[in-house]
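Consider the two complexes below, in which chain A is the common component and chain B and chain C are the respective partners.
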Partner chain A sequence: MRRLWQGLLAVLTLGLGRRRERRRDEGEGDSGGGRGHDLVEPGPRNPGTELGVAALFLLAAASAVAFIVVYSLERFPAQHELFGVTLAAAFGFLGAGLIVLARRVLPSEELEEDYPEEEHVEAGIEAATIVEESGRSITRKRLLTAAGGTAGGAIGLAALTPALSLGPWFHTEPLRRTPWRAGRRLVDREGKPYRAEEIERETFYTAFPEGASHRTLGSMLVVVRLDPARLRLPRERADWAPEGILAFSKVCTHAGCAVGLYRKPTYPPTQPPPGLVCPCHYSTFDPALGGEVVFGPAGRPLPQLPLAIDGAGELRACGNFSNAIGPAWWGVNLEKPS
Partner chain B sequence: MRARHLLLAVVLGALAIAGAAHAQPRSGVARPPNEEQLPLRELGSQLYAGNCSACHGVDGRGQRTPRKTTEGIEGQGPPLRGVGARSVDFYLRTGYMPLSKPDEQPVRRRALFTDREIRAMVDYVASLPPPGPPIPRPEPGKGNLAEGYELFTEHCAGCHQVAAQGGVVTGARVPPLEDSSAVQIAQAARVGPYLMPKFSEKDITDAELNSIIKYAEMAAKRPHNDGGWGIGNIGPVPEGMVTWFIAGVAFVLMCVVIGSRLRS
Partner chain C sequence: MIRRALLWLDARTGAAPLVRKGLRYLFPDHWSFLLGEVALYAFIMLVATGIYLTLFFEPSFGETTYTGSYAPMQGLPMSEAYRSALELSFDVPSGLLMRQTHHWAANVFVAAIVLHMIRVFFTGAFRKPRELTWIIGLLMLFTTLLEGYLGYSMVDDLLSGIGLAIGYGVALSVPVIGANLALGIWDGPFPGSTVFESRMYVAHVFLLPILIATLLAGHLALVASRHHTQFRASKRATQRRIVGMPAFPAQTPRSLGLMLMTAALLFLLGGLVQINPIWQWGPYETYQATNGAQPDWYLGWLIGSLRLMPGFDLSIGDYVLVPNPFWGGALFPLVVLGVLGAWPWLERRFTGERGFNNVLDRPRDAPGRTAFGAAFFTWVALIFISGSADRADVFLGLDYESQIWFYRVAVIVVPLLVFFVTRKVCAELQASDAIEEAREAAEEEAKAEAVAA
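So, the complex of A and B:
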């Protein structure tokens, strides 16, 4: 508390001192007084070094802009390496610029004198004057400030750009919409409908909705067949898995990776039970329990799609997913997929 | 909390793998005394009875309930009827079988049997009814590398990684493919050992399998690392750790450099 108070006092004094100083400057300007009261000796001026510092800052800004360009274009062969190179260059140039600025441009002087305790205000004014006058030897102060500001701003922007990939803020409606409707057939990558008899045990299939885009979040399915006697589905899903064939959204409910791993025991008595596993963070879902999370960071079960086998023996959807598809976001549990 | 659980699981998994590697049987292979004179089928039958039947049952009928064997192992295993030469050859040549405990993951190690013994056992188990699939003869030379890359990404890379260096699936270690022969990759794809799914010829045709093997052999033996250092090619966790260690040291050094006073 005391420290806070002292800090506040210091800031106040500095601000006050600055204003007084300015007023004094104006007053003295009238009487023709100049720099007779300078506290800091006018040091050597080195406009060349200043230009160099400005150039370093601008290089930092250029590297940060290059990061933004690489990030947004997604067209470069070694994109991830370029991320690292551009960011490292931006911070490297900024750091180099600051070091040169501190060592070559700003005058440095070591004072071994305690501030007199009673004269806080006076000392503050003096400190403010020193700060003010230290800059006088810099000939291109505005350029330096502008270049430094540009570097800082550009790096800040570069740091913020990846946040754009986090997803929509307000417009979450498309995330809830899926192409699955009752009666829609399950097809493979080439658009050929899956027949129930083609779905074998101990392996997994990727399925898409017939006549809809394969590229929307809700379209991709993972289909497995289990022994119907081993299913432990929730009661309201009793008829969702004809012949033990189950379909789930292939998008992990944690971070949205494709659930591309299917582990199945070769010999169930001594080996782990079947599991749909996401390769990103090893969230593991139990298909026999209707996609329940059994391991990993996922917070919600994998959405299950009700299936039916039609007269021709082909697989058809029988409605929409059991719960919201896609990765977790604010309010994901509030509404059902449409 | 979850993250801590995962870490614990990974550490325990690593320890379990290390433990399993030590717990392999001390070449407890039972061999008939007059091995050389026996015809192949007869040798296979005797080797099966001595080394496999405790878990896989008499005549490959399987062992449903655990039973004590002479070495104190609780024997329990799936029936082998109808698995065919494809599966037996794979499990014996990779050293996956025999397994010291029925509930552990089989890992690749030196095969405990000679080539003739393996051929004998393959011949014997394949002769048990019903007939099973033969040993595949893949021809990766006929494959297409680009197609293999796409198919490998789609079907295999989830577990084995796109660099074919293996990794982890919850509950098991995924083996790297660098020591696998073309025939073994083909066998594993069709058989699906341990927790691996099996892929029928409808999922992956023999021609596609050739391409996959061609890619896997290229990727596993000559991984290309744009960053300069592959760090074992086993994924983001070790890569992140290395980054932190190197970046952390560099960060401290930078602080020292910046914080030091000019000596002038």
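So, the complex of A and C:
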């Protein structure tokens, strides 16, 4: 550390000594009348400030060295913060030095000149004329333009054609496909089947199809249990919720986030009924109404999956979802999921 | 020495006249002219730190198990992308500094662009002959938004996944071609195939940066060829005469100083202020979602617009034509882009003014533009703020649904109010300016008379 300081001091004295000498030279040159005029207005003379600027530059150097030192040490708790501080100090001191130099030492003349010419009418007309006159010998201008345009368009299309390999652009049926089939068991993340008796009220469960990927949008379910007497399901879904256990697609029909919140009333008479809520844009779906949208931007109900309880007391799907899962697209409702 | 070097260069390139001209290029001086420079320097920082990050980041959805030094995630299955981002943060010395500085630089970059754009709008700097500069700037802003979105999306943490799910929903919602578009981009239904990560990566580190750099070059070339606008700071500054400091020696050290100060600020933020702590979000699973995580600020206006939209898909019977996310996620930003892009020509239609403009307006000088700008800005800002209604619910206890209904009304009513109030204020300020001028003129006259007497 001591040696570092000595080095810095040496650099400082050397640098200052040299500078002073050079200034004397310049002064002599000026008095001799060697130059007729100045291209640059003489700046303010601030020898004191120059010392300050040099000090700032050296501080920048010291900070940069400090960064290197911090980097070369073994890992220690505040190392990351010190990286930031030392590097910021290096750039900050150098920047401050430059700004002081510009404002206090270098000339800050205010000059004026004309804005560039607004228009080059003559050149523009001449350029256009060159183009026009170049085509004078053409007799079938329209034909050539049309043919050339056709060639350009066709080649453009051909160049774009390989982009079709990027993905299944025209095969949209995977959007409707889900792994749910009648008889498929509902399992948890570890693959353990859900038993009806495990499903409690006032909470929700995430379920997947047994033996299928958990990652596809069509696989994940949210399962809740409500009081069967309070269900107001559409008539054709009367038997979709055994014991009041309901299963819905966990993918919001608005923008595809996981419907990860369950709003359950703490004080049922005064608070709104249970709702499945998407945390991205707060679309709220009423499970008792079969997933109807009760608030938020979603335009379609949450698709419901028909459930049954098998002989072993485990939950099984009785078919596929009531409507297409996930965010909507043009004509989404035309076909049921498959 | 300098002479010899320049003459050597000139003999081989013929650059001396250009250099001489460049050194004396004039910069009119005003603090607000620095906003664009800050954006430029943030971009340089993004490129520099970004290149460093690419040397460590593995853009792959390939599955692996975490074995790095962050204990809570030991043994967790995750993608190579997320693992390498964690490793960069915990096990690469100065890796976290570079990652956080990169992220901060992105936030500062967009903020500087937006502030710069606001300055340009309200001073009328976009007018003839600078409409193209304005358009290029706008395109740069929107490219940057996509660039930032891809940046935090390709890390493949939970926040990435949620953001991508929403992007997928918006892509699907595009009328007619939405389903094809989404399947093509993601190479299959969400979450897409493994090549999707490569696509994000090449777009984020190559295609979009090059596009931004190209636009930036065009933007700066146009500024230089038409020269900078100026305020009427002195009698000498007119439509035909530019008054300012020369590039050298006055402007260069100032500008370099600003660049270094920007770098210092970003490194200080990157070192001391945590941003996007990816280890808190965890790896993305499609069945997970969280409402504590917020995207970068510059996407807040789109979150707001997606949330504010009343719940309907535009349909005929059962036939869905326009799904809901299209309004907030695609149409809204396109409308903002369209209105701002068309504004130079719209304004010309209203005012009938066709001349060249090198002198800037003060906002009060153009009440119509200022009123429209204030109203338009209020509209976007309210939608932006509505995106934080859930935070207001959590922290202030304001009922979420009531807030949304309030904003749905406010985004229509408040901008109208702002329009009329702003126009009135501008008119009053102009009137008081006129009185002031008249008074000064009268005083001069009185003085002159006194001297004569």
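Keep in mind that, in the parts below, the second predicted complex is superposed on the first by the 170 of 338 C-alpha atoms of A that agree within 3 Å, B and C clash if a C-alpha of one lies under 4 Å from a C-alpha of the other, contacts with A are read in each partner's own complex, and residues count from 1 in each chain.
The criterion applied here is as follows: a residue touches a chain if its C-beta (ideal position, glycine included) is under 8 Å from a C-beta of that chain, and two chains touch if they have at least 3 such contacts.
Here the structure is a predicted model, which is why all the values come from computation and not from measurement.
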{"item": "Which of chain B and chain C A:His254 touches, first, second, both or neither", "value": "second"}
{"item": "First (chain B), second (chain C), both or neither touched by A:Glu236", "value": "neither"}
{"item": "Which of chain B and chain C A:Lys264 touches, first, second, both or neither", "value": "first"}
{"item": "Partner chain(s) touched by A:Glu190 [first = chain B, second = chain C, both, neither]", "value": "neither"}
{"item": "Touched partner set for A:Glu74, first chain B, second chain C, both or neither", "value": "neither"}
{"item": "Which of chain B and chain C A:Thr203 touches, first, second, both or neither", "value": "first"}
{"item": "Touching partner for A:Gly275 - first (chain B), second (chain C), both, neither", "value": "first"}
{"item": "Touched chain A residues, chain B compared with chain C", "value": "C"}
{"item": "Footprint overlap on chain A, comparing chain B with chain C", "value": "81, 95, 99, 103, 108, 206, 258, 260-261, 279, 281-282, 295-297"}
{"item": "Footprint of chain A on chain C - complex, ascending", "value": "24, 26, 29, 93-94, 96-97, 100-101, 129, 162, 165-166, 168-170, 172-173, 175-191, 193, 225-227, 236-237, 239-246, 249-250, 252-254, 256-261, 263-265, 267-272, 285-291, 303, 306-313, 315, 318-325, 328-329, 356, 358, 390, 400-401, 404"}
{"item": "Residue ranges of chain A touching chain C (in the complex, touch as defined)", "value": "40, 43, 71, 75, 79-85, 87-92, 94-99, 101-103, 106-116, 118, 163, 166-172, 174-175, 177, 206, 208, 214-218, 220, 250-252, 254-261, 278-283, 293, 295-300, 326-334"}
{"item": "Chain A residues touching chain B - in the complex, by the definition given at the top", "value": "78, 81, 95, 99, 103, 108, 198, 200, 202-206, 258, 260-267, 269-272, 275, 277, 279, 281-282, 284, 295-297"}
{"item": "Residues of chain B touching chain A in the complex", "value": "2-3, 6, 9, 64, 76-78, 102-103, 154, 157-159, 167-172, 192-200, 202-203, 226-227, 254, 258, 262"}
